[in-house]
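Across the two complexes that follow, chain A remains constant while its partner is chain B and subsequently chain C.
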Partner chain A sequence: MVMKNPKLAQGTRRKLVPLQVLVPVVSTVIALGIGLLIIAATGASVVEAIEAFWDGMAGSDFNIGASINRAISLALVGLGFIFASRANLTNVGGEGQIAMGGMFATAAALHGAGGLPLGLAFIVPLAVGTVAGAVWGGLAGFLKAARGTNEVISTLLLSFIALPLVYWSVESFHLLRKPISDVSSLPESAEIPDTTKLPLLFPDNGSPLHIGLLIAAIAVVVVWLVLKHSTLGLRLRAVGLNATASRRAGMRTSFYVILAMTVSGGLGGLGGAIMILGQQFYLTSDFSSGYGFDGLVVGLLSRGSAVGVVIGALLFGFLRSGSINMEISAHVPSAVVLICQGLIVIVIAGSAILTNRKVTR
Partner chain B sequence: MIDEQMAVFIGSGLRLAVPIIFAATGEMLSERAGVLNLSLDGMMLMSAFTAALASWATGSPLIGVAAGVLVATAVAGAQAVLSVTLRANQLVVGIGFNILALGSTTFLYREIFGPLSRDPIPGFAQLNLPWLAHIPVIGPALANQTGLAYVSILMVVVTWLILKYTSFGLAVRAVGEDPRAADKAGISVARTRYLGVLYAGILAGLGGAFMSVADSNTFTENMTKGAGYLAITAVIFGGWNPWYTLAACLLFGFATALQFLAPALQLDVPVALLLLLPYLLALVAIAGFVGKSRQPSALTIPFERGG
Partner chain C sequence: MALLELSGLTKRFGAFTALDDISLLIERGEVHCLLGENGAGKSTLCNLVFGVHRPDAGTMTLGGEPFDPRGPAEALQRGVVMVHQHFSLVPNMTVAENLMLGRASAVLKPQDIIVRMEQLAAEYGLEIDPEARIDELSVGERQRVEIIKCLLGDPQLLVLDEPTAVLQPDEIDALLAICRQVALRGKSVILVTHKLGEISRVADRTTVLRQGRIIETVAMEGADIRSLVRSMVGRDVQSAGSVLAAAVDIEGKTPAKSSSDVGPTSPGEAVLQISDLVYRDPHGVPRLDGLSLTVGTGEIVGIAGVEGNGQTELGLILAGLAAPSGGAIVVGGTQVTGCTPQEITDAGVGIVPEDRHAVACIKELSVAENLYLGAIGKFSRFGLLDKSARRKAAETMMRDFDVRASSPDVSMASLSGGNQQKAVLARELSLDPLVFLLAAQPTRGLDVGAIEAVYNRIRAARDDGLGVLLISSELEELMAVSDRIAVIYRGKLVGELAAGSFSREAIGAMMSGHAHV
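Now for the complex of A and B:
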């Protein structure tokens, strides 16, 4: 809908930039405040809870490293989200893409990649995981382009399909389940070979921080460049804004839809592969639990900006680590953080009317 | 032996279908008015928890259901404000509510019942209608259901009647297809859509409450396990028609129940693959069978007067 009143349009445009930043910040602060109120309402000591929270986030080199490692995967999923949303596609299937990426990376690491010369031993599983995620995302893109299937529904369903597949792979001995050594053997894969683990950045101080940080940093720059400063970014945007006009202008819109979802899924798959190769080292059926939603929220919060993704990913990486420790030490359920996240998403979506006067069709 | 297994399979298939039938039927009406509630799963989860809590506190499953429906309707009200008045992205808002519902029910459950509680809560008894039980094969499965299960079918009939024969139904269809024309004809788009979303909330509430106080007599964390998403898919699969949607729900229910039948038939199929079957069916269904044309034209598109 075109804004007819030029004065109003001008006024809106002037306000646009600060509000884009203000809304996510204010809603995050309010949501965290509500989280604190909830903790207080349970009768738990707020001070104790915050202490446990802080300790879990940043209490030691190990905890800081673990929080950043978490943020790395979230950032990749978030980047995938904004990449797809540039073409006006909403990829809510991060969870499934992480799951596929992690599962195939584990398979590659356990079967063959370990013996490769240094470097390739972890690069190949990372690549395999990325491709797996890309296929999973690309499938939704293909269905959208070929059949007009809403990508929100298809990516969600693909997640619900991916999770039992991971469960299946760690339940079955002929797939990835490690041989039973004693009665307490859990359904999980064997530990991946040491050569396939991501090298640590600071091996001396006990921090688990690994080179995934550099990979994520490169991804941030590349996505930023592509979205803001490339013809591809412009074309994705054009296809997203008006597919019919783009098609008339000679663009193969199907190609860009599939491409956007493939790249988006690939980033999620890479995030999943990094989770396994970086810190978890073996596959469990619920290794991806919650990461998809977190990554989605990170993508939403960033409002399409790669820098925003970095900030959001760090925020949620630290929040998650803190909330887990809060549950263990201060006995406050970590679900409080889910409540905060839900509120953030709702408030930001609801305030779109403030930042975006144009009704998107 | 096989007969007995079949009866168990049919019985569990129906039980698993009931919550989806409730939710999908309400959602179908809301979507016909142009609003998609991805928050359906959250509404169901909130209702399942509230119903369990209220039933446990008062000893009356009926009060439980009422409380569950009330909470689900409140969530629907919030969804309506955001989708209709604030013209927010309906899908994103829905996901937000689902995260919120998962967080708040998990949190409250642990706070109130403790982390490991599996105490049964007062629930509805099965009706055991003798005249139904005499039907061969499906009879026992049909007869051994709670009253709420029959209500779900009743709601399909009611919803079909509303859509087809009432002026409200006409307004719903008009608003979903061409809100601008409906507006010019004097129909309030906002009011119709609010009522549509609230209707979806009431039915999702019944579906969620069925899970905790009629089906399992307990609440477990994230007990809907994506049933709301299945319901939305059933609406798409059913081509926004109440009867086809009902058929899709039954299909999903039986696909889920297959995991109980497979071991009895000594089929060596991994449970995990049976778990993903309903979702795979749903994906194939929406990708393969549903043309774009049958979707209400104004689905997920906010309406602004004037403009």
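Now for the complex of A and C:
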């Protein structure tokens, strides 16, 4: 029901604005309240947990930077989601697109890009990662256009292929695995060269915030412009709403289906590349660890709005940082935060029924 | 005592009042017609009686007892049956099997059904082979099965919602005769229609609905048809001329054409040439079987035929939405056989498709977006939309084509069917170049005022030198508008009549595959 939102947005936009803001805020508050109850139920000190949670989210310049860095990748996946959903396509394969993006970005960074001048050292791996994600998303678009394969299923299954591919690449010495130096060497890639790491925005104060923030900001503006104000956005919308009528009006519907999925996947791939180049610096088999699915949720919660993606990504980015710290210093399982995230989704999805009903009245 | 008494029935859907304080008596043994334009509330009234909807206010009595059906099952139990516009038969089962459906509890053996069918055949002339599969039957025969299904349980009241819309002329006659037979046996019939010709042939009394209210109920004996039309439309029909008369099928006769209705006597060169067009559906069944047709400049060629004889496929192929299996289509010298919709548009073809909602427009998009659906790039700079320029152009187009909407930015779904169709016509007739227009079922589901506007637009296009192909299942419409009528039967044209020699009987015979002219 959230995905079928374009119908709702049309014509009744003005009436909906307060509800669209109110619903996510209230559901977040309710979910966090329930989270606190669960923390209390586990026997941990609630005050301690909140302190640890806050400290992890925003306790220092470093933590704020780390939270925002997390939000960057989530935002890119979320933007990809709303881009596809503009054409009434549901890309649930963010996880796989991140994996492909991160893997190919690592490969590019380790094999050749390091010596390039003028920032190309990190731009080329970013581009390679984006293309890898785009191919992964575009594949689902192609299957949809050529064979009518449901993109929800194909993107999901493509993720199940991408994740083992990453595992394979870090397990195999002739691929990305670093040479064993001692018995404790893990199956992971070597660290990427310093030149390929994303430049920091504030190198002097110790914040890990990198230029991925600028890239994501540009992506937000571009996606917003394309979806709301461009001929391409209108065509995507037309094709998504009524493919036959769009075809009759002269649009090549297959092209737009493939394009929407390609761009969507590309944004996910860029998110994955930024995770490696900006923060993790080497590839591990589970480096994407749920970012794709969190990004999907961010896209869902945004109800098709680019601004909504930014807010959702920041929320989830900070929640993730907070939960990691809460687990380390207050011994509260970070699963509690995952439960909260789940609750937020359920409450928002549930209240979407409510808002939709209000609108049809 | 009346069989059914409605008093003060009101039904609202949200803010829209579909029926407003309806009070009406249906006598035993009468055929009572409900007449009204689309949206007048006829179907809603039927649905209240059959228990599909429940009234917001008012009461009903049936045979003197209170009647408040909570669903169709309860209505059926009380002896109220209804034939809907859309049939509820299982296509791959036989007639007898369909009649047994839903009666599992009532220990009916196949033999009993067949005996009962024989009784009905003797009483009403409702003959049909119990062993025939539904998908082998014609539309008229399927409807007959629906009626048999209704009469099996010996009901008191038979409700028929627009039953004649899908029938060819001789089938309509048979249906009306059945209605009389049912009434003769003391049962009551409520017949919904918007065709006056049928009413004058079958009704005892007629109730005219307009905008959810009863305008009048008249006994048909000695009634003035024209005053019924006036009540139904809300204005004098004389002003609208033969077009309107055709739309409501006054007296079931061909309206006389005024001189302005007839196009140039000799059409010019061919703009559309179809030769040996063949189309097989995905199951290999031929839907078009060697169809050849020429449309000249400045003429309107009508295609008559019972639905399902290849008209839909012809429309889809001309629109570029289906690829023919064989044959050729040439528009103004350009080969467009199997071309994409864009190439067909570029060749100068405007299309008003049969299915307005699925093909012609996107109802969630705004009127302006729909008007320029084929030219999205026209109002843009560097790929960004210039919405204000588009709005201005759309406003002009809406004024020129009398598309009534509060603004070009409202969604297409908020417009009436008539205004949606006017918008589609506006878009297609504003194409440049434009040499040929296909109008497939262009007035389906429209009210009289909009029908008139559509006819006028089609005529104006013809007068501007366009070739027009009009596909319609409404014979009156074809006879009123066309300069020439070709009849399609089983994917082939089986005959052709020139203006002046149109006759319902001749066309009807060809439509059922009987005669060549």
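What we mean here is this: the second predicted complex is superposed on the first by the 341 of 361 C-alpha atoms of A that agree within 3 Å, B and C clash if a C-alpha of one lies under 4 Å from a C-alpha of the other, contacts with A are read in each partner's own complex, and residues count from 1 in each chain.
The criterion applied here is as follows: a contact is a pair of C-beta atoms (placed from the backbone, for glycine too) under 8 Å apart; a residue touches a chain by one contact, two chains touch by 3 or more.
Quick caveat: nothing in here was measured; it's all calculated off a predicted structure.
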Partner touching more residues of chain A, chain B vs chain C, is chain B
On the A-aligned overlay, A:Ala217 touches which partner chain: chain B = first, chain C = second, or both, or neither? neither
Now for A:Gly250: first (chain B), second (chain C), both, or neither, which partner does it touch?
second
Thinking of the overlay built on chain A, is A:Gln341 touched by chain B (first), by chain C (second), by both, or by neither? first
Is A:Leu156 contacted by the first partner chain B, the second partner chain C, both or neither? first
The shared contact residues of chain A with chain B and chain C are 361
Counting only contacts in the complex, chain C reaches chain A at residues 14, 319-321, 340-342, 345, 351, 353, 358-366, 369, 373-374, 376-377, 380, 383-385, 387, 410-411, 414
Listed in rising order, chain A residues that touch chain C in their complex are 6-7, 10-11, 225, 229-232, 234-235, 237-238, 241-242, 244-250, 361
Residue positions on chain A within touch of chain B in the complex are 1, 38, 42, 90, 92, 143, 147-150, 152-154, 156-158, 160-161, 163-165, 167-168, 171-172, 293, 296-297, 300, 333, 335-346, 349-353, 359-361
Per the touch rule above, chain B residues touching chain A in the complex are 38, 78, 82, 86-89, 91-93, 95-104, 106-107, 110-111, 226, 229, 232-233, 236, 270-273, 275-276, 279-280, 282-283, 286-288, 291-292, 301-302, 304, 307
